[in-house]
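Down below are the structures I want you to see.
You will see chain A twice below: alongside chain B first, and alongside chain C after that.
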Partner chain A sequence: MFPELNNLLNTTPERAEQGKLTLLCDAKTDGSFLVHHFLSFYLKANCKVCFVALVQSFSHYNIVGQKLGVSLTTARERGQLVFFEGLKSSVDVFFQAQEEPHPLQFLRETSAGDLRPLYEFVQEALKPVDSGEVTWRCPVLLVDDLSVLLSLGVGAVSVLDFVQYCRAAVCWNQKGNMVVLVHDSGDSEDEDNDILLNGVSHQSHLILRAEGLATGFCRDVHGQLTILWRKLLQPTTQRERSLTYQYKIQDKTVSFFARGMSPAVL
Partner chain B sequence: MLDSLLALGGLVLLRDTVEWEGRSLLKALIKKSALCGKQVHILGCEVSEEEFREGFDSDINCRLIYHDFFRDPLNWSKNVKAFPGGPLEVLRALSKRTPPSSVTIVLDSLSWLLLHLPCTTLCQTLHALSQQDSHSDDNSPVKKVHVLGLLHEELHGPGPVGALCSLAQTEVTLSGMLGQMSAHILLRKPQQRPTHQTRWFSILPDFSLNLQQVPAQESHPDPPITQVDPTTHLTFNLRLSKKEREAKDSLTLPFQFSSEKQQALLHPGPGQATSHIFYEPDAYDDLDQEDPDDDLDI
Partner chain C sequence: MAALASCGTGAGSTGSVASTASKNVTSFQRKGTRAGGTVSGGSRLMSIAGTRPSVRNGQLLVSTGLPALDQLLGGGLAVGTVLLIEEDKYNIYSPSLFKYFLAEGILSGHTLLVASAKEDPADILQELPEPLLDENCKKEFDENTCNHKTPESNMEMKIAWRYQLLPKMETGPVSSSRFGHYYDISKRMPQELIQTSKWHGFFLPEELSSSIKVEPCSLTHGYQKLLQFIQRIIYEEGFDGSNPQKKQKNILRIGIQNLGSPLWGDDVCCAENRDNSHSLTKFLYVLRGLLRTSLSACIITMPSHLIQNKAVIARVTNLSDTVVGLESFIGSEKETNALYKDYHGLIHIRKIPRLNNLTCDTSDVKDLAFKLKRKLFTIERLHLPPDLSDTVSRSSKHDLAESAKLLDPGCGVMAGGKRHLDF
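The block that comes next holds the complex of A and B.
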């Protein structure tokens, strides 16, 4: 969790909003630091987290999580974190006979299938249980990332349906939150990815867009982050609808500064 | 502005973008037609009923009938009451059941429908909806059923968007500048030329519109650039007068070698033969006695 980003978003783990969909989007840069931020943020906020990780292994997220002060192993043992490791599970789809549909069942189907098994997995993982043990604050679904599903052969509309169903189950029904990452390929030829990105953008409440600098790589400024609040209906809050900052990723934190105001430049 | 949007009836198409979302303007239009005493049927595919009803008064809320396609549009979970014929069947049923003048149909959103249904089917259904007036008796003034459709235009190619636009009587394209929303309105009145207008506004929390002036940047456009003749203040002439041209032609340039020049060089005149060079060294001049070309082996 990066405190500076919390300040920009005007939130803390203690008073996290509920029922919101946050879209993380990266263009010409790696936006995974945002995923790590939200993972550690919601674990610290004592939320029940279902993390659909399709890009990296558990140990990768665990190592980064430890730098940010959360232990994914402990969270998983406590039942706070349900970690879906796409890299491992995808192999199981092929080599293990299974009675019930696997979350990544679409990999076995010849025609482009829907993501209903994955949705049912998420729903099962975040189902409220009355076990009398520790109670978690609200359920949170994190997906890293949705663009991978397109690469695996799922259609953009199917992914949008999956997002909508998760939104209905997690954000609306259980008053939880969702955070999803979508790459912006910046390629107008990639129509599916454009439909996915714009479709999720239209569904989301908050969009964080990390972009590489137009001028190319820089040692002291790693990119710029645009924050766009959608569905703001209170003109009383004199908050800008959209803010842009530049950032530098350090070992354990990320520092944000106004455009052109990097300490290295001044 | 809302009155003019609802005046024509038929399909009102709201085209919004990620940055300038149109659902609040859609809600403003719903409020307006509910206040006119109409019943509003909403085909909700993108937001939950609670989120949609948020912000409306109770007397407006009781005029809204929400057909919920948000929770389970594809019938994945079997426990919720499903609509067997899908959203279009609901639309057709609506159009048969109710007299067209008393009802407004809201499609939230057309984008969802376009992504899940063939474009032609959707256009035919919309066309059938707005053609209802032909069945009413001829003495009453022709009234069309109001259909408000929200379209996220980035999600579709030019083809489907064009097809829907051609069906629409009123087209509103949302954009904005400097944090202020603007709507470009295209009205297609029957047997008249379509009219274009642009309005700047903000939407208050109670879904009433606050019309605003054009933002400062646009109200003071750059002063028209007067065409300055670049040849007016030159330090040289571009053309020669006749006299100047003659003078130029008669001039002999220094590098031109003529026979007079040659003669002058071969037979130096008397002035040149008698000329001498006088050299008087300075008092402190350090005269070097050595031959400067001594090291050259000549």
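The block that comes next holds the complex of A and C.
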């Protein structure tokens, strides 16, 4: 969790909003730091988190999480975190036939990908339980990242359906939150990815877009972050507000500053 | 006297002697654990030859066989990750990177897995470059090959006896424990080195003809075979660490040549339709899953210039850990450009993985060029050639400056507009 980003978004783990879909998007840079932020944010906010991690291994997220002050191992033991490790599961699915439908079952099938098992997995993980002892604040679904599903042969429409179903189940029914990461393919003419990105940004309440600098690599400024609030169903004076900051990723935190106000430049 | 006694335990390797001796010791030696555990402790701390931990994220690294490239990638290639080499247009320079990687594996005593659809893996191994060993290394090497235990090495140290307690680096019968070697590409690797090394070959035409059983799968047949082959090797030889092995842990180096070319039965290069273009990305995903759970590192060369569909390239880049692109000047207009006359091509570091970390190791230098010398493949920082002549006109200087601007600015970031200012 980066305190500076919380200030920019005007939120704290204690008063996290509910029922929101947040889209993280990265273009020509790596936006994974945002995923780590939201993972630690919601774990600290005492939410029940289902993390669908398709990009990296558990130990990677765990070690970075420790730098940000949360332990995924203990969260998983306490039942707060349900971690789905895509890389490991893909090997299991691919080399052994499973009896019950596996979330990544579509890897084995010749037909176009079907995400229903994955949706059922999410639903099962975030199902409200009456255990009595510990109560989590609200369920949160985190996906890193949706673009991988396209690479695995799932159509853009199926992924959008998946997002829609999850939104109905998590955000609307259970007043929970969703955070998804989608790569922006930029000028590589990836039609499916563009459909996905446009579709998800249309549904989301908040968009965080990390971009590499247009002028190229810089040692002290790693990119710029655009924050876009979309106030749906609320006709106020400012319908959409957007803010742009530049950022620098450090070992354990990320510092944000207004454009051109980097300490190294001034 | 105490010193001598503990010396004896260090070389003697019997636990009971060690414990009695450590009782007599009156110096500041720690009891039991250290003195008695020299031999067992040595084997516990035993590291895998040819690897070193990263100073930044603690990941185990292996060398790519080219120390200059190791340095650019943040110390080396992390175990469990994929290095993707985008081939140059006529595939002249990328095979040398591939061979460096394999040769380094042989010299470090790693197990190799070579997969190809074009050449027989045995032939690829025959063409590996000869290692250039300096005197120091050579001596170590000879000792290892000829007589594993010289009487000299068992001699008790009388003065600097503490050094005897240091864990010995266990090296295989033929291997060098150093990280990263230099090679002479004008000569072939000696036969005895290749014969003593352990390797597995996957030659697609042979594998396809041998099999009958085909399980319906969404992957191209060749990819499916290769994944099953890799999985079998990893499982059978215990690289996945699941079955506790008595023997020394080792690294599996996987090399896959020309992945994505039509020879693999993949139509991603020629087909315009997207239906089958997921085969390659699926293969990479499952391969990465296999690598992450085992002690292995993989190098893939891919003819990315053949793939017309830019979306596939972007996805492949996203799915690999490290991506290095080679761009040779042959056949391009850069061949005649005065700026590049000292080099054979440009090398682009397109992606460096972020492992266990928020940031990654990027070097500050982005303009890199390579040159294939008679014996050596070198990577250098791109310099403007010195302006020696008096008659260089202003216009040609201007041309040079212009073409220098066109260079790729860096890792995954492209220049947008010429007049754009970020701050």
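Simple rule for what comes next: the second predicted complex is superposed on the first by the 255 of 266 C-alpha atoms of A that agree within 3 Å, B and C clash if a C-alpha of one lies under 4 Å from a C-alpha of the other, contacts with A are read in each partner's own complex, and residues count from 1 in each chain.
Going forward, contacts are C-beta pairs under 8 Å (C-beta built on N, C-alpha and C of every residue); 3 or more make two chains touch, one makes a residue touch a chain.
On a predicted model such as this, the values are computed, not experimentally measured, just so you know.
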Exercise. Since both structures carry chain A, what do chain B and chain C do when superposed there: clash or fit?
Worked result: fit
Exercise. Which of the two partners, first being chain B and second being chain C, lies in contact with A:198: first, second, both, or neither?
Worked result: first
For this session: Please work out whether A:161 is in contact with chain B alone, chain C alone, both, or neither, and reply first, second, both or neither.
Result: first
For this session: Considering only touches as defined above, state whether A:102 meets chain B (first), chain C (second), both or neither.
Result: neither
Exercise. Which holds for A:29: it touches chain B only (first), chain C only (second), both, or neither?
Worked result: second
For this session: Between chain B and chain C, point out the one touching more chain A residues.
Result: C
For this session: Check whether A:207 is in contact with chain B, with chain C, with both or with neither, and answer first, second, both or neither.
Result: first
Exercise. Regarding the shared-chain residue A:254, is it in contact with chain B (first), chain C (second), both, or neither?
Worked result: second
For this session: Scan A:148 for contacts with chain B and chain C and give back first, second, both or neither.
Result: second
For this session: May I ask you to decide whether A:188 touches chain B, chain C, both, or neither, giving the answer as first, second, both or neither?
Result: second
For this session: Check the superposed model and tell me the shortest C-alpha distance between chain B and chain C, rounded to whole Å.
Result: 17
Exercise. In the complex of these two chains, what residues of chain A are touching chain C?
Worked result: 28-30, 32-33, 36, 57, 59-60, 63-64, 67, 86-91, 94-95, 107-110, 147-148, 150-153, 183, 185-193, 212-219, 221, 224, 246, 249-252, 254, 259-260, 262, 265
Problem set entry | Touch list for chain C against partner chain A, complex | 57, 216-218, 227-228, 231, 274, 278, 281-282, 285-286, 288-290, 292-293, 309-311, 313-315, 318-319, 354-360, 362, 364, 366, 409-417, 420-423
For this session: Could you pull out which chain B residues touch chain A in their complex?
Result: 18-19, 21, 23-24, 46, 48, 50-51, 55, 70-74, 76, 111, 115-116, 152, 154-155, 179, 202-205
For this session: Over in the complex, which chain A residues touch chain B? Could you list them?
Result: 114, 116, 119-120, 157, 160-161, 164-165, 168, 172, 194-195, 198-199, 201-203, 207, 228, 230-231, 233-235, 240-242
